[in-house]
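Labels for the chains are A, B and C, by order of writing; each one numbers its residues from 1.
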Amino acid sequence: MKINTIFTYIVLSILGVFFLIPFIWLFVESFSPINDIGLTVPTFLTLKPFYNVLTNRVFVNSIYEGLLQSLGATFLSLLFAVGPAYIFSRKRFKFRMPLLLGILFLTGFPVFSLLIPEYVFYIKTTLYNSVFGVVLFLGVLNLPIDIWLLKNSFDQIPQSIERAAFIDGASSLKSILYVFLPLAFPILAVLIILDFVINWGNFYVPYILLSSSHLLPISVEIYSFFGAFNVHYNELAAFSIIYTIPAIVLYIFSQKYMIKALSGGIKG
Amino acid sequence: MNELTRKYNFKKNAIFLILVPSFIYLIIFFIYPIILSIKYSFTNISLYDISHYSFVGFHNFENLFSSSEFLRSVYITIVFLVVSAIFGQMFMGSIIAYLLTLTKKYFRLVVTTIILIAWATPQVTAGIMWYSTLSYIPGGTINYILNHIGVASINFLSTKFALYSIIIANIWIGLGFSVLIFLGGIQGIDPSLIKSSYIDGASPFRRFFSIIFPLLKKTIVTDLLLITLFTFGTFTLIYVLTAGGPARATNLLTIYQYNTAFSVFSLGPANAIGVIIILMALGISLIYLKIIQVD
Amino acid sequence: MVNVELQKVSKSYGKVNVLKNLDLRIEDGEFFVLLGSSGSGKSTTLNILAGLDKLDSGKILFDNTLVNELSPIERGVALVFQNYALYPHMTVYKNMAFPLKMLNYRKERIGPIIKEVAEKLDITALLDRYPKELSGGQAQRVALGRALVRDPKIFLLDEPLSNLDANIRSKIRNDLKIMQEELGKTFVYVTHDQMEAMSLGDHVGILHNGKLEQFGKPIDIYKHPNNAFVATFLGDPEINLFSYSWNGKSFDGDGPFNFNININISKITMGIRPENISLEKKGANTMAGKIIPKVSELLGSHTLIVAKTLAGKDIKIITDMTDIPIGKEINVYANIEDCIMFDEQGETINI
């Protein structure tokens, strides 16, 4: 028993250390005066890489584009998720099950494979190389999972509350607005964070659907920077940290609620 | 049905109209590309001229299945899936989650947070971080450590090791999700069941395999389905880390599809690869759904 | 103020017929109690009255107007839910204001109405609280308040006392009765608890398997049940039932008494309520017999005796006496007029 316990702590400690290893370079390099893709322990630390990144207009603009596109797509996903989530949770109709399975299928859909037809479609419709086009596509990608998770949350609201609203004279639309959405607020907050972080982290959608450099969001800008000739690796590391920290902070803050939302899993 | 009834029914059913905008949105931007993908897979459409193309039947598919490069890509993808998703994330994830429940609260919090930080890291950053960490010349963090304990540098991103490297990197980024789901699942098990196994004198090892694992069957299937599909769709991490190389050693289907479209400009075959990816994902989903239904 | 009528109302869910040709008439301003066990169709009846469920066939009339297709608001009904169904994210004030907000009342108009209703229900001090900060009794009042603000014509109450602690239940029950009298509104109250039905109802309807078994004043139903089901349903402890058959001279069975009545059926069930059996012979007692007490429970002002008849059947008796000799045969007396006779189908035989 004792040995088992010690073994458990040792295994998990090793795992924890292993998981931190990839971050070592990122942090060391971002405060380092030397450019190095490998690991060199610097003789002194500097904030210069961060300063250079935050005063570079291209980088700052890419942060702005990243925020704009991520938030815009998050807004679209949630806006369009509410209606179906309510209907699937509260109404029983003929094609409910097939439609639900359809939504489930889209939730797990290998979306990357759609980028190429979407690209052709966008070029033909002039949505190519527009922020609006990127926002629309990012938004639709999160729509199925948002419908699922919001539906699961609506399922938790007791039927008597819904009936009380009906008795009190609320139409379906009003009860969504005044009863369902406020009661689902915790899950809405989780979905906002989840969607935002997914969109913020998405690289291939803007990478394929945008071409003008002033429209590129931070994810693509960092990649371009990484692939450029004569890279300032310390600035790349600093820029990556600026890019990564919001995602991590938001995830850690919402993890408790996220477990709840996600382990609700897949129910009819 | 009289006038009043009709009015009542309309008022009651009007709420279904709320589905219309959402469904239109889904159809135009999600369903339509699926249809386009299928359509283009039977054509010779090229990136040079997307307006003129002709139908070529199953030509693209026939070419793919007789191409050793494509078959190798399928093989790499399957190895990547099985080792990274099923063994690495699902199996190890469940064991790690269980071990975590045996430890003290603050230790558990620290380790869980570290694993989750990896999961929350955007894939572009993760790709760059792993590229540096595995770097051969100049030596990255791992070779730095190896050198300090007297081991010669290893080229982790060489043809020989690259596939293992991307598998490790992908487990690193994906494990958090698995651990999160399993922690939720284990904590949801009725504690009296676990207590009674203590009284019955079961070892922790036995407890895991004979009590916790079977009880979590549904969690496991859900988790496995999502992880397999996520892993199947992996693009960014590998694209940044190896771009499918060296010598196509890490050429996953997604990367193969991307290069076919944007390096070779052959949109027809690229869409055929897309259709194959979709069918494979569908097949995986159906197998899992079947498992759920059997219960 | 309104009277309510159900005509041949039927409702089924899938293959289950919950209500079968139900006829019911509820008078203007009365406290009507619909009594039934779970699955009897009482909640369905309430939902149909409220407009939450549609009926398959039949008519619902409010003041002789067909309301089948009208919404709850158009019908002017309010429903108090079993678990109160207060909106957890709104304060008491907002909960009560919600129905008015849905009618597009302006804020200045809502305030005075809430104030008035809150005073009437003595919940003014609770207006800023959230539902989770309320006790069961308080939540109940708020639920009533939310129903009251719209000034509905009919109040529907779905087992409103079942979620309350036993010790405050009777107080709230009295409050409800007083409130109904003050408001003078029609109350339709659904419960499975016969005590509530007896103490609250001006009229009681007993529902069983989707059919109305009996309808009337509580005391009339108690004294003159239509059948053995109703007789058993009302009364706590419940009525004693014994099987009797004609032996050529008198009716003989597993009960304590033999008796003689003029009837042309040979097998009957005799029912007698526990309080109608006494341990001492009083003036006009016409029947005598013996029992063996097994247990006696003191219930405050009186005692409940659980005993066996000489034929070995359980019998319950309520008496004022306290010293009960356990395990010894004692004499019991009753009047044949207090007995209720049922035929083999359980229907009451009129003698």
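Simple rule for what comes next: a contact is a pair of C-beta atoms (placed from the backbone, for glycine too) under 8 Å apart; a residue touches a chain by one contact, two chains touch by 3 or more.
Since the structure is predicted, the reported quantities are computational estimates derived from the model, not experimental observations.
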Contact-pair count is greater, between A-B and A-C, for A-B
Ranking chains by how close their C-alpha centroid sits to the total C-alpha centroid puts first chain A
Chain centres from averaged Cα atoms put chain B and chain C apart, in whole Å, by 60
Cα centre of chain A to Cα centre of chain C, whole Å, reads 56
Chain A to chain B, mean C-alpha position gap in Å, rounds to 15
The positions of chain B in contact with two or more other chains are 11
Listed in rising order, chain A residues that touch 2 or more other chains are none
Two or more other chains are touched by the chain C residues 71
The answer for chain C against chain A in the complex is residues 50, 52, 71-73, 77-79, 81-83, 85-89, 98-99, 101-103, 146, 150
Chain C partner, complex, touching residues on chain A are 158, 160-161, 163-170, 174, 178-179, 182-183, 185
The answer for chain A against chain B in the complex is residues 4-5, 8-9, 11-13, 15-16, 19-26, 29, 36-40, 76, 80-81, 83-84, 86-87, 91, 93, 105-106, 108-121, 123-124, 136-137, 139-141, 143-144, 147, 171-173, 197, 200-201, 203-204, 208, 219, 222-223, 226, 233, 236, 240, 243-244, 247-248, 250-252, 255, 258-260, 262-263, 265-266
Listed in rising order, the residues of chain B that touch chain A in the complex are 11, 14-16, 18-19, 21-23, 25-26, 29-30, 32-34, 36-37, 40, 45, 50-51, 96, 99-100, 102-103, 107, 110-111, 113-126, 128-133, 135, 137-145, 172, 180-181, 183-185, 188, 203-204, 218-219, 222, 225-226, 229, 232-233, 235-236, 239-240, 254, 257-258, 261-262, 267, 270-271, 273-275, 277-278, 281-282, 285
